[in-house]
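Each remark here refers to the structure printed beneath this line.
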Amino acid sequence: MTPHDTPSTTSATWHEGRVGLWLIGARGSIGTVVAVGLHAMLAELAPPTGCTTAGEAFAGVPLPAFADLVIGGHDVSTTPVRERAHALVESGMLAHRFVATAGDALDRVDAEIRPGYDRATHSGSQADAMRRMAADITDFRERHELAHVVVIDISSTEPIIEDHVEFHDAELFAAALEDADRALLPASSLAALAAIESGSAYACFTPSTGIDLPAIRNLAIERGIPFAGQDGKTGETLVRTALAPMFVARGMRVLSWAGSNILGGGDGATLADPEAVRSKLASKTRGLVSLVGDHVVAPLHIDNVPDLGDVKTAWDHIHAEGFLSSRITMQTIWSAYDSMLAAPLILDIARLLSLAAADGQRGAIPEFGFFFKDPWGSDVHDFSQQTIALREWAHATGVRVHAVAAAESAVAPA
Amino acid sequence: MTPHDTPSTTSATWHEGRVGLWLIGARGSIGTVVAVGLHAMLAELAPPTGCTTAGEAFAGVPLPAFADLVIGGHDVSTTPVRERAHALVESGMLAHRFVATAGDALDRVDAEIRPGYDRATHSGSQADAMRRMAADITDFRERHELAHVVVIDISSTEPIIEDHVEFHDAELFAAALEDADRALLPASSLAALAAIESGSAYACFTPSTGIDLPAIRNLAIERGIPFAGQDGKTGETLVRTALAPMFVARGMRVLSWAGSNILGGGDGATLADPEAVRSKLASKTRGLVSLVGDHVVAPLHIDNVPDLGDVKTAWDHIHAEGFLSSRITMQTIWSAYDSMLAAPLILDIARLLSLAAADGQRGAIPEFGFFFKDPWGSDVHDFSQQTIALREWAHATGVRVHAVAAAESAVAPA
Amino acid sequence: MTPHDTPSTTSATWHEGRVGLWLIGARGSIGTVVAVGLHAMLAELAPPTGCTTAGEAFAGVPLPAFADLVIGGHDVSTTPVRERAHALVESGMLAHRFVATAGDALDRVDAEIRPGYDRATHSGSQADAMRRMAADITDFRERHELAHVVVIDISSTEPIIEDHVEFHDAELFAAALEDADRALLPASSLAALAAIESGSAYACFTPSTGIDLPAIRNLAIERGIPFAGQDGKTGETLVRTALAPMFVARGMRVLSWAGSNILGGGDGATLADPEAVRSKLASKTRGLVSLVGDHVVAPLHIDNVPDLGDVKTAWDHIHAEGFLSSRITMQTIWSAYDSMLAAPLILDIARLLSLAAADGQRGAIPEFGFFFKDPWGSDVHDFSQQTIALREWAHATGVRVHAVAAAESAVAPA
Amino acid sequence: MTPHDTPSTTSATWHEGRVGLWLIGARGSIGTVVAVGLHAMLAELAPPTGCTTAGEAFAGVPLPAFADLVIGGHDVSTTPVRERAHALVESGMLAHRFVATAGDALDRVDAEIRPGYDRATHSGSQADAMRRMAADITDFRERHELAHVVVIDISSTEPIIEDHVEFHDAELFAAALEDADRALLPASSLAALAAIESGSAYACFTPSTGIDLPAIRNLAIERGIPFAGQDGKTGETLVRTALAPMFVARGMRVLSWAGSNILGGGDGATLADPEAVRSKLASKTRGLVSLVGDHVVAPLHIDNVPDLGDVKTAWDHIHAEGFLSSRITMQTIWSAYDSMLAAPLILDIARLLSLAAADGQRGAIPEFGFFFKDPWGSDVHDFSQQTIALREWAHATGVRVHAVAAAESAVAPA
């Protein structure tokens, strides 16, 4: 290869083949929007607005194209994605024009969705259930000849779980899973295990436990799985982590940051459960405290207001102290369909985790903190720092992946 | 000096001596708050909250201490600073406890304020007026044995001026200034010239013309003057430049960003003049367009609402398009005493421009864009990028200044 | 008739027959929503939410039923109502389910729409134009055997017009209209004249001039025409007239009430014309001043923000002084589709003006101030007082109309 | 008396002599503001802004003048009112100019404050405690030769109490009070009993129990005591009861009304107790439900945010359904010092309850609902209806009181 043959970063392309996007909770509203959106973009009905990786800052990073993504998943629901999509049109979330021609595409997604794990009705050992789920993913990968599969958990928020000694000991853990009389793990963790078992990259978009137990994390690292989490940063927390550093940079002292969220829809109902909401509230506040200091008073509420449907509205009231104890108040009101904010991030994560997998990365990837309220492997919450870190990671990883691909194609027979 | 003697950046100190802070419009509300604040901090009545340079990020940068600053200035008003301070207590802007013991300190500031230039009543050539003003500054520097003087314009916003051929030709410019029958320059530009003539660093905290005419800028560069501007970024625009990059980083398309500002006080009255406000509005919108693209619709209003006094309240309504044309709306409401936001930045600029002067920098310093709506020498408006740039500049400059100081002290006789 | 035969108010029914609703600007968004809404209610797809006259407070008032209303109108636009309705579905204003089955009903409305008067392209005398329009209305009434026709102007806001001597003198006025070389009247006033000429009741839902010229008003009174106006009170002004009396009742002094409106759609574009908006702003402020006193500072802006479509968002900032000069601030943010707020009021006005016509009322009816920013014949702006007044008027008028009907039916042959 | 002697309502004056205002919790922030405010008005430092009864609508009603009011009270706190007033200046609630000259007036108030009842530390029977408190009031009335005393409870919110059989049976109730081993009543109810025992009118400005137990209410009626309550309607609830009827009058269906309150100060701390806040939240929601229907979803939070001090900020988000299911959203943000809103109402209630007493009214007076979140004796929550009702009551009562006074003065010897 001569110098003028050197591929520029700008012209870098993805050589790995098609990629699977396996969604835990594929028939929910986020999953449905992901499926409709992928169809709409491929049919050129919509540009990739809202997709971070479609921006200029990612030009030249060899990511799988949207057309390279194939969707499958697990879900406990049996309502077809097509039906769900029509309901989202009726509720005003999705424009009719995107769904009108999507029927076949949605049915194809639906055909790739397998029954999810339901702790309440399951019988037999969790290990058996996990192996069945892993086999679903492996089968999906093989049938579609996919280079990688990325498993992303977008299912409903689970209550916080209690600690168990088994979570800290690989042998006890394995034994407990095989015990047909026990159901040690929440569904999200079983899904994470199935991802690992099938050799797939994994991301947790919810505040549920997922991969975040020592025994499971260690297993993922052993098996060479890259993973990322946790709890998608879509709205109020996104705004907070963009704004809080501003106050700090200017030497202002943020005294309080009160928040009130109202929403209906399925998410509203889930979060009406005080136990489920506890994990959400905790992860929302953690980043704030890390950014402005633990003196901050930060009451936070999420209320289920069914008539609002899927639009989430968040009011934040910020009180900062300035020069000579001067009072500064700022209020923000954010209003959007949460699932519409989440869906493009799922596509971004799928593309970027594919790149990580192609690069052979393993363990928690801290630069994915950009996407999450509670970044695994990182204590950076400042959104602008996260933006820089993700871009640098993508370019550096892309250069490595590209160099390998170029080297391989150089030695390949014509 | 052996390596282990090398002073660490953290212990770096300012060796240059005391520094003058010469305020154009020293008797206005910002100037008064600067004077009260400096007193309060030296008397340990208040910490330097709101001062960027007092933050950890500037630890180790050899800046003049607050105690090293001596205040003087020009003003067309003759109302004593002490009296103005009491009025600001009455209006609720300043807490009584800071002003109670500040009388003598304020009188000392007042004694260093010389008559400002009033274009309406002035007779004689502008060159004479400028030389008189420069002499005021030089005299101030010499009497107080100051290492440097930093001139900062905090006077009322002037109307936008028309272009003149003299602004582009040094000789014509000089001749016009000597012509007693002409008054070519607005007051802000005359003040900038006086700063240059006296060899002082200069910053323009208002949207007025100031140093920003080719003939004056060139002169400043020739004379080795560092300068910075323009139009302090204190409230709504600060928020905008912190928030707008968030939308872009997430691939959202900001379609409109409407703003409405209401305030009373002196600033409210000034801005009720549609001519004066035009320059303000233009500089407020420029950064936004640069961040989100020139398709953005950005109506902006400033209204004088006298009953609100010095509290400025700004409502912004942002409409962004997300995935599949989904509507995202965000509103921000910012409410604060504008002069209280500005005052600590004046102290920051004075300290940092002193450092630039000690380093021998000349011309517009782009990294000061952190402080301004319309950054001279830079097209970076993203507040987080500006934050990083300013910190890096300060540390790099500090290391140089420190090295020189260390070298000088090494060769100095015991 | 024995006492127990006396019809109770509750069982009062409309005996007058069907009623025409003739809309000036029938193909605009309000007209389209009126037509779709009437269809939806008759098809039992939607309850009469948003209709004042459907409330319990109007039980027993003998109003025409929704099924008694027949729609026709004038419009300069030729875009069919059916097409317009589909555009409103696409923009998100109308739910698809209401339009899906409305096609035939909308086409029937469309068939009753005649060309509107366009001052720019018209040739011939305005009197001829007016007689043609009156004939359209008369023809409509006769073909459908309508008891009354109510003409309501819902066309685009016109610029404020200048006064003319002809407006104050019936003879000069009549002569000017016959002059083929002059176009004295704006379109809205020509429409009002046509309503009078055809013997129809009239309401002006816009801030345009309409019937509000002395020569035309006098004519209406002479001809026994009841009329009502002006400028529909749908959103921000509605809120203001509900809230302002609260401050007054509690002895607070409202010092300022600043407002900022943003909207796109056709209305946004119309109001981008500073001349057109002037009449709107004036009528919005008038009521406020009347409620809280003329010391109030009330800057008000309307900006055209096309990306927002037909959703109008209004931010109001209210500053009131309380006990011991205490500061009270209140902010309101109102967001809604303006045409959806207007449409049910059009139906209410049609029903109530029919009642007025049945009762033989003539001239401006002050109690209709409930519906308007600028109530003709009344200086009451307090919304709760207007509510009481309208209800009392409706019941009192209803009792009279009912008594006459009962008397007539008593003497009628079996 | 000849016709021209007939006193017009306008010139009606109060003939009853001075009136006592006995405050339960007199040393709290409301009590302090009442005392400072009365001084400021008498010293002509401030007009009666915020006082309902000072408005034109009450012209001609023979109410005691502000100068006729004498303040005393009970409090468990021993912090002098003067000291408290200075603390409120420091916190920014009170302007220094009102407190500067109030020292003697505040000390006089302080000298009339007797120890309040503290259930935690009290020994002996509650009947004894009550008689001691009644004696305090009687002594106050006699020493100052007061025509009436009005007792108003403005002490901290108590937790909701459980029901007891004694509350429903006069004899059991009396016996329980005499039992030194029991403490049946909360402090607020003991204070109400003391008011009755001393023959004073009574109002409950808090959500605590107060007079609202059957045994106590019956006793009050027997003894001819007029009373009013409950829970002062000062901010968010005031706004709600002014706005909610607007939606109803226009036929809109209010689906949800979510609220979030943040405040610091003493009130913030009290309301941080979930038990105490429960009664407050209940009374805030009750009126809303009564106005818009019990289908409304109305989550409501009060958070203690100490750094905000005494400023209470309330955000409300209202979702209403309009024509054809159209979405209407309104948000309100109210921000004010709650004690500054309450204080003038205390003066209003004192003046109006004096009038009721002069008229010999007994029992709950429904027209006082104007002042309260939970109006006793009335289910009217609509603020405009309450406004009309209170004005009519005041005028009707005033006419009677005046007639009696006139008759008495007619028969009195010259």
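Each chain gets a letter, A, B, C and D, in the order it is written, and its residues are counted from 1.
We adopt the following convention: a contact is a pair of C-beta atoms (placed from the backbone, for glycine too) under 8 Å apart; a residue touches a chain by one contact, two chains touch by 3 or more.
Keep in mind the model is a prediction, meaning the values are calculated, not measured.
Peer 1: Would you kindly state whether over half or under half of the residue numbers at the chain A/chain D interface are used by both copies, giving same or different?
Peer 2: same
Peer 1: Which whole number of Å gives the spacing of the CA centres of chain A and chain C?
Peer 2: Computed value for the inter-centroid distance: 51 Å.
Peer 1: In whole angstrom, how far does the Cα centroid of chain C sit from the Cα centroid of chain D?
Peer 2: Taking the average C-alpha coordinate of chain C and of chain D, the gap between them is 43 Å.
Peer 1: Taking each residue of chain B in turn, which ones touch at least two of the other chains?
Peer 2: 95, 321, 331, 333
Peer 1: Indicate which of the five shapes (line, ring, star, complete, other) describes how the chains touch one another.
Peer 2: It is complete, because no pair of chains fails to touch.
Peer 1: So in the complex, the part of chain C that touches chain D is made up of which residues?
Peer 2: Those in contact with chain D are residues 33, 36-37, 40, 46, 48-55, 57, 93-95, 98, 238-239, 242-243, 245-246, 248-253, 321-337, 340-341, 343-344, 370, 382-385, 387.
Peer 1: For chain A, which residues count as touching chain C in their complex?
Peer 2: It is residues 89-90, 92, 95-97, 333 of chain A that touch chain C.
Peer 1: State the interface residues of chain B toward chain C in the complex, per the touch definition above.
Peer 2: Residues in contact with chain C: 255-256, 258, 260, 262, 297, 299, 301, 303-308, 313, 315, 317, 319, 321, 331, 333.
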